[in-house]
Amino acid sequence: MSGNSIGQNFVVTSFGESHGPALGCIVDGCPPGLALTEADMQRDLDRRRPGSSRYTTARREADEVQILSGVFEGKTTGTSIGLLINNTDQRSQDYSNIKDLFRPGHADYTYQQKYGTRDYRGGGRSSARETAMRVAAGAIAKKYLQQQFGIEIRGYLSQLGPICAEQLDWDEIERNDFFFPDAGKLTALDEYMRELKKSGDSIGAKVSVVATNVPVGLGEPVFDRLDADIAHALMGINAVKGVEIGDGFAVVTQHGSEHRDLMSPAGFESNHAGGVLGGISSGQPIVAHIALKPTSSISIPGKSMTVQGEQVEMVTKGRHDPCVGIRAVPIAEAMLAIVLMDHLLRHRAQNLDVTSPTPVLGMR
Amino acid sequence: MSGNSIGQNFVVTSFGESHGPALGCIVDGCPPGLALTEADMQRDLDRRRPGSSRYTTARREADEVQILSGVFEGKTTGTSIGLLINNTDQRSQDYSNIKDLFRPGHADYTYQQKYGTRDYRGGGRSSARETAMRVAAGAIAKKYLQQQFGIEIRGYLSQLGPICAEQLDWDEIERNDFFFPDAGKLTALDEYMRELKKSGDSIGAKVSVVATNVPVGLGEPVFDRLDADIAHALMGINAVKGVEIGDGFAVVTQHGSEHRDLMSPAGFESNHAGGVLGGISSGQPIVAHIALKPTSSISIPGKSMTVQGEQVEMVTKGRHDPCVGIRAVPIAEAMLAIVLMDHLLRHRAQNLDVTSPTPVLGMR
Amino acid sequence: MSGNSIGQNFVVTSFGESHGPALGCIVDGCPPGLALTEADMQRDLDRRRPGSSRYTTARREADEVQILSGVFEGKTTGTSIGLLINNTDQRSQDYSNIKDLFRPGHADYTYQQKYGTRDYRGGGRSSARETAMRVAAGAIAKKYLQQQFGIEIRGYLSQLGPICAEQLDWDEIERNDFFFPDAGKLTALDEYMRELKKSGDSIGAKVSVVATNVPVGLGEPVFDRLDADIAHALMGINAVKGVEIGDGFAVVTQHGSEHRDLMSPAGFESNHAGGVLGGISSGQPIVAHIALKPTSSISIPGKSMTVQGEQVEMVTKGRHDPCVGIRAVPIAEAMLAIVLMDHLLRHRAQNLDVTSPTPVLGMR
Amino acid sequence: MSGNSIGQNFVVTSFGESHGPALGCIVDGCPPGLALTEADMQRDLDRRRPGSSRYTTARREADEVQILSGVFEGKTTGTSIGLLINNTDQRSQDYSNIKDLFRPGHADYTYQQKYGTRDYRGGGRSSARETAMRVAAGAIAKKYLQQQFGIEIRGYLSQLGPICAEQLDWDEIERNDFFFPDAGKLTALDEYMRELKKSGDSIGAKVSVVATNVPVGLGEPVFDRLDADIAHALMGINAVKGVEIGDGFAVVTQHGSEHRDLMSPAGFESNHAGGVLGGISSGQPIVAHIALKPTSSISIPGKSMTVQGEQVEMVTKGRHDPCVGIRAVPIAEAMLAIVLMDHLLRHRAQNLDVTSPTPVLGMR
């Protein structure tokens, strides 16, 4: 398998560049019988869409997805689902000036070196524009997981630069432009972003994503542990530099007596593990956090190189998000959904005939 | 593919339980012509071996690996390499008392729920004993990468509980029992571990791993980015709860002007990215960090459950490491080696005929 | 991986139904730098196209392929290539009468039983219409193999019902509507087909496909032998019931002294093996043959069942080829091209550093 | 994935050479709870074993398989199963004389060219000795399929050179040394083989394999059709040059009115399709045939080459089967079992939640 597919039994394969005619993906392995329309995907596409708030890029894309196959009379048929989104607001001329430049902190240099060529318009394939298809595919997984098992997958911005959420109000998240769960800090966020825009700089962020009602048993040790596959999927999102499951890096200074989640007939008494033990879901909520770097597309000049090896000082023009972490929330949800869906199918493949285990701890 | 394989072109598939007769793995895709003997693997196996210091488990295993195929007259033939390590010090009777118990913080519960059964002896397949095969397979990748490209992969313990390394002295690492790069803190470490053993508790740790001389261009966007596959491999190590590439979670509070690595004809001026841009290696050192939880195998009593759903209080007996992070150093190196090897082969597959790109920045 | 992908390093994933809005595929793993336009694919698409001769279905499709990604400034970039063909002549109303019927000899029954539903319009996903994407993807592989290695892949109709080709005139093949290499039998073929059309029946066929200038060494034993993967790809073409490599079933009555291809400094003295020894290409022409069943879409009434389990007698209406084998020629070529391309990349992955073997026998 | 694995959800990965210390394989994805001992595999290993009759090679191997993991207290645990067979009768000195020779019709030349080296002892990895592991792994699949679904997989020798079976007496097959189903022709077979041995030549054969009680619905179109995967698995057996499903090459001269299997409430009225329609099992018996070439290991001199490119005349010494087709019977059964098992798991992955379709035609 080359690198544009993810999953083993629920497989998403994508194509498309920032400024090409269209983006698309194929979702292979979706069980038949799922009611599915474009509207099921559009909600999350709209949440991710550029131009949806003043804090994100000014590029405007309708991001209207079309279902080209795999759905008949409103339901999935079990065959491969073709999805397409036409690019409508690509302005390639914006980018002709960077044809021979490597923007620092971007993939320009590595794509050029790897392939000996690159589509330099807006980053080409390395642009986060490609994540629209992940969101579309993830919405199918989300719907299936929700309908069949009541699994809910929700993300939020847990930190933007120095501003941390101290409240986790799930209702608040969809009310503001930041996917931020702490209403008391929205003013601070707004001020911070205004200052940031003025400065021409960008900022990092932390996004958290949680899945509830996940059945016990998902994950295929020893290499395709559920947490390993979640790490793969989340680290594969543009700009992500770190992934945590449960307590994450806080475990470095924890003692075993503090970290281990004790069990009683009522269930686990804590969730330091983040819902995964030995690489297999425990029935507790799956909790993951990711760190997103500040975009390198800023208007502050920086030293860089031309393709020919000459030193230059450059400024990134174009339309960019000052904090790419914000729009990463629906992307992280989508990737977690894809992983859970894939593992659900893998689990089923092996275990259908096993007598369902006793639901100890009230968890199944 | 089920879950006991890792890699696409360089594929490692493993088997074996903590207290079964043997562990083994098959390494498929190793190019022919590599000089290989058991001794090439034994060095790293010895570094990982239980019983090698007073800070690790008292279980004693020779961990002698045998090559059963794929090597002829001292060189690899290009066919699959079979490796075997016999278990010699398994004491199954140690574990009969936990047959019907779920040890808190262990995989007992999730394995039982997933499979409806489990090999309870020493954790069975969920035991870190299995990582011996990863170290053996990784040693093959390490040797190949070193010989063909001069790639060096080295790890160290960067933090044990509250004690952080402040010096990075590569020579020091192999001199002490902790793989610790800061000689000035060894006494503190020794004292900390003695106290910990007395208390019967365990502690978390942070391990860092670095690969140098990595060619530009490894990584297959958009899903099998090099960093995504590294995250998959490292999060798949027992007890790991977090993975960082480069600056990792520190990026959350960084500005773009601070994070982006500027470029000059002499090369990159910094390495916040950790050697990966857009999911492709940049030629800079690959830098990754992992957080390892404190083992739940401690002698402090904790509430747990029986398989039948009854409340119990239990103490984990047996021979365990108070800090599993220490022995994780060679394992993390091995996993990074396996990922780099796989991506090297994948890169080659696609790009052989491409004219080698101009080695700008002195990096190829 | 679910079933709509083929290949490991050169991966083709397809979607689309006979009467949906469009067909498409993603070609992942194509090396960068290959000059590619729609015209490169159109020639083979036209050869496969319905309505191109009086001997094939009356359905008329332009089969115009669009490249949506992976090509920049006329060359492949190394990223995934998205291809799309809109369906233009679907007449779904033709098929409403078979909604509740299982046409005998078709996939109606098995799709319905497998998925619990089916897109009954023209066979939905089971229609050979889907093979248009294989031809488009195969054309990319063909061009690459031709340009880089001079590999030529050509097919022909070797038998139609009782009429066997006795001459193999490569120039003749593209001159007639049958891809038939024996001009002397064209009148007989024409008469046979006229009679067949009158009778309302259909006929089986044998198609042969040959690849020349294939490098020695392609194939990955022991399971992904080159011949095994060719068998997989060719048996996966609609209506194929048999695959032969080299002498095929004739070997059953051969002696070893007759079958083995003797070697001399000038090369092999015969090619009973069909270019594959031990699952690896020998440098001789790869020769494969396939048997295609007569389509079950005929106007002769036959007993069948409704979805509800009632007995019916039915006649297949719609527009069908009386001999599906004819149009299978470009499809077989495409599948062989995809397999060779994939194996070329797999071979490269493992062997780049191996000293190129001595070109004994003048074969490299 | 490199080439030593087969399957997606039920994955068999093998290693081992003809004259190395041992052969082995890992079976990954076997559901938990299957009762399994070495004896379950030994029966088929004994059927395949060399030296078991006067018509096969004189090499004597006990072929005693050991289970090294994945089974606990007599049942599979759902983790990877490690299997090992030690080689006991390898006589490497037999082969030193062919070190620098390419035996005509063998893989010597292609292995040498592909890898630049080869284990020349008995063919190394290209030896059919490797198929012992396939038989062992296949026995696990066979047992599972039999126990869970009553699926029976049985093979027989349908033709040896000019001698065709005209009776299909299932009871007879295991009574004679040929797996031949027609007792009336055993004398002729015996005479034929005696003459053949005297002549020092070898002969081809045809083997048939049938699976009954296969559920409807197995197969993943469009590329991983059940028949395509069967073709892959069977063509991947040493010496196989052709694969047929159902009527196979006989379809070339059939009419649609003759080939299509009509349906009535009592079931299908014939089985020309061989149990697969549109790449999905129909519930009818799966029927496949393979053509096995005569081994090139014969004592009749033949022209060949040295590694250095010099012409030689050579005779193959060593201990060889005059008709390798005979012992291929249990191998073909094993490969069919592995494919069916894999597809059963893949089918389950996607379809668990689908309402079981109405069992029309009495086939489910």
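Should a chain be cited, it is by its letter among A, B, C and D, assigned in written order, with residues numbered from 1 in that chain.
Definition applied: a contact is a pair of C-beta atoms (placed from the backbone, for glycine too) under 8 Å apart; a residue touches a chain by one contact, two chains touch by 3 or more.
It should be emphasised that the depicted structure is a prediction, and the values quoted were computed from it without experimental measurement.
Listed by label, the chains that touch chain A and also chain C are B, D. The chain with its CA mean position farthest from that of chain D is A.
Inter-chain spacing, taken between the CA centroids of chain B and chain C, is 45 Å. With each centre defined as the average position of its C-alpha atoms, the distance from chain B to chain D rounds to 38 Å. The mean-CA centres of chain C and chain D are about 26 angstrom from one another, to the nearest whole unit.
Looking at chain D, residues 1-5, 8-9, 14, 29, 32-33, 78-79, 114-116, 125, 221, 346, 350-351, 354-355 sit in touch with two or more other chains. Considering their complex, residues 1-6, 8, 14, 102, 104-107, 109-116, 125-126, 130, 159, 161-162, 201-206, 216-225, 227-236, 238, 240-265, 269, 272-274, 276-283, 291-298, 300, 302-305, 307-311, 346-347, 350-351, 354-358, 360-361, 363-364 of chain C touch chain D.
Those residues of chain D whose C-beta lies close enough to touch chain A in the complex are 8-9, 29-33, 78-79, 148, 221, 345-346, 348-355. The part of chain B that touches chain D in the complex is made up of residues 1-5, 8-11, 13-17, 20-26, 28-29, 32-33, 66, 68-70, 72, 75, 77-82, 84, 114-119, 124-125.
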